[in-house]
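Heads up, the next two complexes both have subunit A, just with different partners, subunit B and then subunit C.
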Partner chain A sequence: MPVQNEHRQATAESLTAGSRNEYLTFSLGDEDYGVDILRVREIRGWEAVTRIPNSPLYVKGVLNLRGTIVPVFDLRLRIGMPMRAYTKGTVVVVLRIVGSDGDRNIGIVVDDVSDVLSMDMAGIQRVPDFGSRLNTEFIFGMVSAGKKMIMILDVDRLAPDHGNGGSSCVRPGRNVNEEIS
Partner chain B sequence: MTIDISQFHQVFFEESFEGLEIMESGLLNMDPGEVDAEEINAIFRAAHSIKGGSATFGFNDIAAFTHIMETLLDEMRDGRRQVTDKALEVLLRSVDVLREMLTASNGSGGLDEGLVKGQLQELEAVLNDRSDEPASGSDSDAGAVSTAREVIGWHLVFRPLPRMMQTGNDPLRILRELASLGDMEVEGDISLLPVFAQFDPEECYLSWNIHLKAGVDRLQIDEVFDWVEDECDLAVIPLYADARELIAAGEPAKDIIADLPSTMTVAEEPNRPDRRKNSDRRKADRRVEQRRASAAPASSSIRVDITKIDALINMVGELVITQSMLSMLSGNFHMGQVDRLRDGLAQLERHTREMQESVMQIRMLPISFTFSRFPRLVHDLSTQMGKKIELRMSGENTEVDKTVIEKIGDPLVHLVRNSLDHGIEMPDQRVAAGKPETGVVELNAFHNGGSIVIEIRDDGKGLDSDRIRRKAIEKGLIEESAKMSDQQLHELIFQPGFSTADKVNDLSGRGVGMDVVRRNINELGGNIEIESESGRGSAIIIRLPLTLAILDGQIISVGDEIYIVPLISIIESLQVRPDGINLVAGRGEVFKLRDEYLPVVRLHEVFGIEGNRAQDLKDGLLVVVEGDGRRCGILVDDLIGQQQVVIKSLEANYGRVEGVSGATILGDGSVALILDIPGIMRLTNQLPELQLVKRTA
Partner chain C sequence: MKINQPVTEIERQMRAGSILVSKTDLKGIITYCNKDFKEISGFSYSELIGKSHNLVRHPDMPPEAFQDLWQTVQSGRPWSGIVKNRCKNGDFYWVRANITPLSEGGRVTGYMSVRTPPTREEVADAEALYRRVNANKASLQPNGVAKWISALRSLPIKTLLACLVFTSVAGIATTAAMVVMGASDKPTLAVLGLTGVSTLLFGLLLARSLIRPLAYAQDKLMQIAEGNFFDWVDIGRADEIGNLLKTIMSTQIKLGFDVMDAREKADEAKRIQTALDNVSTSVTVSDVNNRLIYMNQSAHEFFDQLAATIREKEPQFETDRLIGTNLADFFPDDRLRDMYKTKLLEPRVSQLDAWGHSIKLNTSPVHDTAGDYQGRVTQWFDITGELKVQREIDSIVENARSGDLTGRIVLEGKEGFFATLGSGINALIEVVENAFNDIARIMSEMAKGDLTKSMRGDYKGAFGKVQQDINGTMANLEKIMSQLRESGEVITTASDEISAGNNNLSSRTEQQASALQETASSMEQLTGTVKNNAENAQQANLLAASARQTAEKGGEVVSQAVQAMDAINSSSNQIAEIIGVIDEIAFQTNLLALNASVEAARAGDQGRGFAVVATEVRNLAGRSATAAKEIKGLIQDSAGKVKAGTELVRASGETLAEIVLSVKKVGDIISEIAAASQEQSVGIDLVNQAVTSMDEVTQQNAALAEQTSAAALSMNEKAREMDGLMGFFTLSKASQPALPRAEATRKPATTALVQARVSSGTAAPRHHPSPVSFNPVEDEGDQWEEF
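Coming up: the complex of A and B.
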């Protein structure tokens, strides 16, 4: 996807420039993740969403973001972590993602929002290769902040393929990603 | 300088087709023998724009063709030619030919060259027919290109208006272009040059007398002056072999202009402008503009009346005021101000609603854009069929959604043709039936509740129930023994492949049936009904939603989930008795609704909904729906209510979901999905057999 390549390239350039970017960090269990703050549109508490029939399990449903319909994905299920019951601290982060067919908005469900950190781009390392054991396509890189290791998400890869909610090939009454959970 | 002007082609075609509409309706409005200056000016202007545009973009055939029409119109406008029935008829046909030429140039459809030639000859015949010319008529040879005399050159008087250079036009460029046409002598006129101190470098003070010594086509000259037509005074005088002495005599240019008949390039004396004509033309211009504002080109752009935008801006202003009032109130709020808060909120609500309405207004266009083609259609068809028919239209200003305007045209043409062809009888039959000789077809549009109603009524012979019945039995659509009411029989004409026309003619039996009409209207979210009384006439009633952004929905619940069923696709809702259910091959459930067996669709199975209350059919309700011409009963837990919902796209941020046409936001801010009935029927057919077996076990 050309746009994503551009994005990666741009980030690579800033790597060498040694510039600092701000990241919104949040937790999934004991792990810490970060997203580019410029991609964050809104942070809201978890509320019940409207389920989309016959969609993959990680698609929690859609919510109303001031009149637009925004799909909400469970980040744990999306990146292959076990599901966890939602609590009062569960948060939906609404992100702007850039795809080949324009910008879209998605929401991701995360356990807890931690902080906004300013990080040196030069400190970002590539994710080691886990082969087929682990899918790391959503993780752009890792960076350490204090004692913690923060994984930076490649948000543009979170949405399913464009023009189709990932559901048209799904047979009715079943969820494809059941085996993941 | 090279500009790719092909990027303007689309605009040119759009404007030209609009121009044709204006010409057509203008011509239809004109009465023979009577010259309505405004009307004819509007027609002339439209022809003139088409000509100018086509010459600019290099469609020379169109320019040449329009030029001759224009010459004819110009003579009518100046009163040098009487408006006759024949001339109008020829002009109308020329409009058709012109439309075909434009369509062909636009890349869709071929062009019948012979047709164009024939029409040109006909036009020229009218043009050269001087029998109806008023006695005082001046010699207008100069105006007609078609004249037989050989043109050996042109005398041009080119007097730019002072402001011409400000619009980026360079007289030198024009002179150079002229020079490329052939030898010429140019004589500059510097009499208007001011004293040096008053010299404005941005104004043009010069004018030229040009002798072009080449018998080029008039069009080539016009082409050179295309861009500056409105920026200069220009006289173009053809020089004939026997008129050489005119040049030799060196007659002052001014006199030549005064003597000139008004040719296609407007020759106005700057010193004594014809005020009346000017203001007429300006009026005509404005009317053209108004027409354009209301016309919908077939592209995705939209021209919006400036008043609608102004209204919207006003509304936004009000909203801002209300908002600042409310935020001031919240600054130091105490309970004593509750009433003011309540007022403010009520105001906010009102403004928001008004704003929503005015935004919707932007998409709305008067239906006259669709209706305007019918006077012509009825005029032509009634002549062709030898019937006397009067068309009455009302409610042309009813506004409907732009998409509706674009899509309703063809179905309406079909319906009106049907009325003319099958409805209205021949004059002698009408008289014999005790009806007036002239049949009436009415086309009405009006708002009713939340929908637009379009009616096509005729006072013809009505539908022949017996014939429909016979035909339906013949085609195997109904049983011979079936008992059906007239209304049910009339419904049959919407069945695919149903035509009672005994013979195939130009108007009917071309394979475009009422089923297509119904499908088109259903696609717009509307429905169509027929009322007919034998011998008294029939009426087709089309109901369309006010806008495609809002639909009337039935809110239903299954388990904890809420869905919207478009009201337009619901036939009825009912509770079935257990003994009304039958199984097909031990699995497929059907229930009997009057004469029909309809399949049952359990929404909770199709959508994988858990916790539904209605496990058993008798506990729930069946919503009988129709989509793509098929019917089924959808099993739901409950009907909650009816509501107008604003349609929101799911695809913008997510993607297409089978069985769901969109989403909406309910009063409490939550999202509800809108069911796509044909999609659900498709899903049902793919349901894994396992589940069906499980249910029956």
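Coming up: the complex of A and C.
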């Protein structure tokens, strides 16, 4: 897996280098989240998707992205937030996920896209430990931008685990934290 | 053919010498029959007279017998035969019946029948004959040889005479002819002989027809001359002699009938005389020459009583010799004597005062059947005693009529009816006298003013009623007087009160008059106010109408505003849609810019400029979205305000409609007010008139109150006068008025009462004394209890 490793390395590299990265921020309710802009493939308005039978509740279905079948997850349900009705402002963000078996695309449904922010990697802080009961596995870190706190999502963890365990050992957050400490 | 049933086998024999007589009209209806006929037939006169004669026909009699009878009598000839008759009870009797037509003035008017007892031989022959006839073995008409003999016997005399003359003349003529012609002697002699024989034969027949019947007729006529009418002629012949005999028979029947009639009438006259002899009234009868021809027993006794007195002047008077004398000769009264000697034309009652007696004479003329005067019949009544009593009673009654009730009838020397009458009249006069004395006493007391007396005594009937009425009158009068006295006092009191009340009334009437004038002026003011009111109402009505028009215009404006608002609303919606489109574009632009940013980031340093542009585009898109959002908010705000404005305008439209309605109602009410004001004006006019007339009436009232006051004063005076007059009457204690009569106490009390009423100013309910009433029946009862 040279590609993945490369990426890992690049990320770790950028983090460690203290360079500035750009993040696409969006909101779920009152909270703001951010993803690495380089993992974003496309931003599009919500359209009806093709539903997949016998799929988990958070899987809304699949959409056809210029010939490629992309699964669409409701991010609220995926990260354990309450469901909310979709509006004209509801947006699907198509992300590139790097897994042990290669890259793939997923779409996540978010309430709204906010901005493209350029942030210093050094400003990213570890997620505080709230105990084992709180599921914070999708949060990579948190960064403050003005008055707002933005939670940076660990995009690769959004897709379901395929059992190779690779992802856990290459969790950037942990790596980052370990590296930071 | 009438058949009378039933019949018995018992025969009744006619008494010897009795003759049954009857008369019928032309149809056989009995118009008369005598006593013997009635007795033997057993019928009464009423059952016989007016009935058909065949009532007594016996069924054994053959009808041919009656047919023969009717044929005979209808042809005007008498009929004679043995007849069996039937009695009422069915018995029978045989008679020899002789019937002849009864003619008056040559015209047959009926039939007369006389029946004598037949001999037993005649009865036996007839019975046998009728039995054979009824058995159709014989006829009543003669037949065979008997018929020829009968016909020969009945040859008319003129026929015989003609035969005789003819045979004689013919024989002699033949003889003469033969002699002339020179015939031989023998035939001539024979003819002559024959002529002589036939002439002799006819002469014998003629002699037989004439001489014996004539002797028979002569014998019968001799019998009639001797008074034996019922030796009946045999009328079997049909020749001229037979006719003569029939006439004789008719004569016999008629005479016999008349004799029987006369005999019955004589019997009747005898009966009447016997009756007259024995009546108690004295009766005398005088003939046409005023000679006494009859006096009855009573008259004989009557004259016997007077005989002694009469003989004082007329010594030759003797009762037994009075028949044949003229009674009037003995009358001492010349006038009556003359009257009694003249012919009496009609019944007359006269009075004869003679011989110490008063005699009443009832005289009636007596006429015979032809109506000629035949004398007079006189009834004699001695009325001396009656006249005496009558005169006495007359004088007593006359005295009583002129008010003298002291006279009485002397009862001595009176007996029987007159004694009873006298004592009755005395008792009557006594009762009347007592009653009048009693009444006079009471009336004289009453004249003196004493009303306490009453009639005492046991009076009955009309007197009792008078007593009751007078006592009732006295009691009632007393009661009335006491009540009058009481009423007088009440009137005095009342008139005082009326007088005072009138003064009060007068002053109040004046107050009323002034109040009325004030009312009148107030009414005029009111009239002005009401008219003003009406005008104001009219103006208000006009204003209300204009307000309504204005409100209606406002309503139209409101509806226009509503339309304008709607237009604004739709424009806002369109704007909102456009804004939505702009918003969408901004959103898409934002997404595109974000994607551009993603691409620029991916391009690394080469994409830095592009990223700046994308950021700018995103800013523009954000501003567009913000502006669109703001516009949308503004538009939404505007739309909400427009909606609220529309609601308000609509509400104001409804309010305006309500205002229109209300204004209309106001107009109506104002119209009603105007009309009411008009009516008020009319009403006030009426009230004005009423007030005016009330004013007049009040003036009249005032005048009347004054008059009444004067009248009450005068009434008061009169009441006092009346009270003084009432003092004249004496009343019993029980009837004295219960009211105290103290005049001194009464007057101030009354004045005080009146003053009290005047000061209080209200008409206190006045207590009226209960109306005076009395009940005569009850009062009588009270009076009687006192007795």
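The criterion applied here is as follows: the second predicted complex is superposed on the first by the 143 of 181 C-alpha atoms of A that agree within 3 Å, B and C clash if a C-alpha of one lies under 4 Å from a C-alpha of the other, contacts with A are read in each partner's own complex, and residues count from 1 in each chain.
Everything that follows uses one rule, which is that a contact is a pair of C-beta atoms (placed from the backbone, for glycine too) under 8 Å apart; a residue touches a chain by one contact, two chains touch by 3 or more.
None of these values were measured; they are calculated from a predicted model.
In the superposition on chain A, A:Arg51 makes contact with subunit B only, while subunit C stays out of contact range. Using the contact criterion defined above for the overlaid structures, shared-chain residue A:Val116 touches subunit C, although it does not reach subunit B.
Contacts of A:Leu24 after superposition on the shared chain: subunit C is touched, whereas subunit B is not.
Counted by residues of subunit A touched, the larger count belongs to B, out of subunit B and subunit C. Of the two partner chains, subunit B is the only one that A:Pro71 touches; subunit C does not reach it. Look at A:Val40: by the touch rule set out above, it reaches subunit C but stays clear of subunit B.
In the superposed model, A:Leu63 makes contact with subunit B only, not with subunit C. Contacts of subunit A with subunit B, set against its contacts with subunit C after fitting on chain A, share not one residue. Contacts from subunit A toward subunit B in the complex involve residues 48-55, 61-64, 67-71, 104-106, 160-168, 171-175. Interface residues of subunit B facing subunit A in the complex, by the touch rule stated above, are 561-562, 605-609, 648-660, 663, 665, 669-673, 683, 686-688, 691. Contacts from subunit A toward subunit C in the complex involve residues 22, 24, 37-38, 40-45, 88-89, 91, 113, 115-116.
Note for the complex: subunit C touches subunit A at residues 584, 587-588, 590-591, 594-595, 597-598, 601-602, 611, 615, 618.
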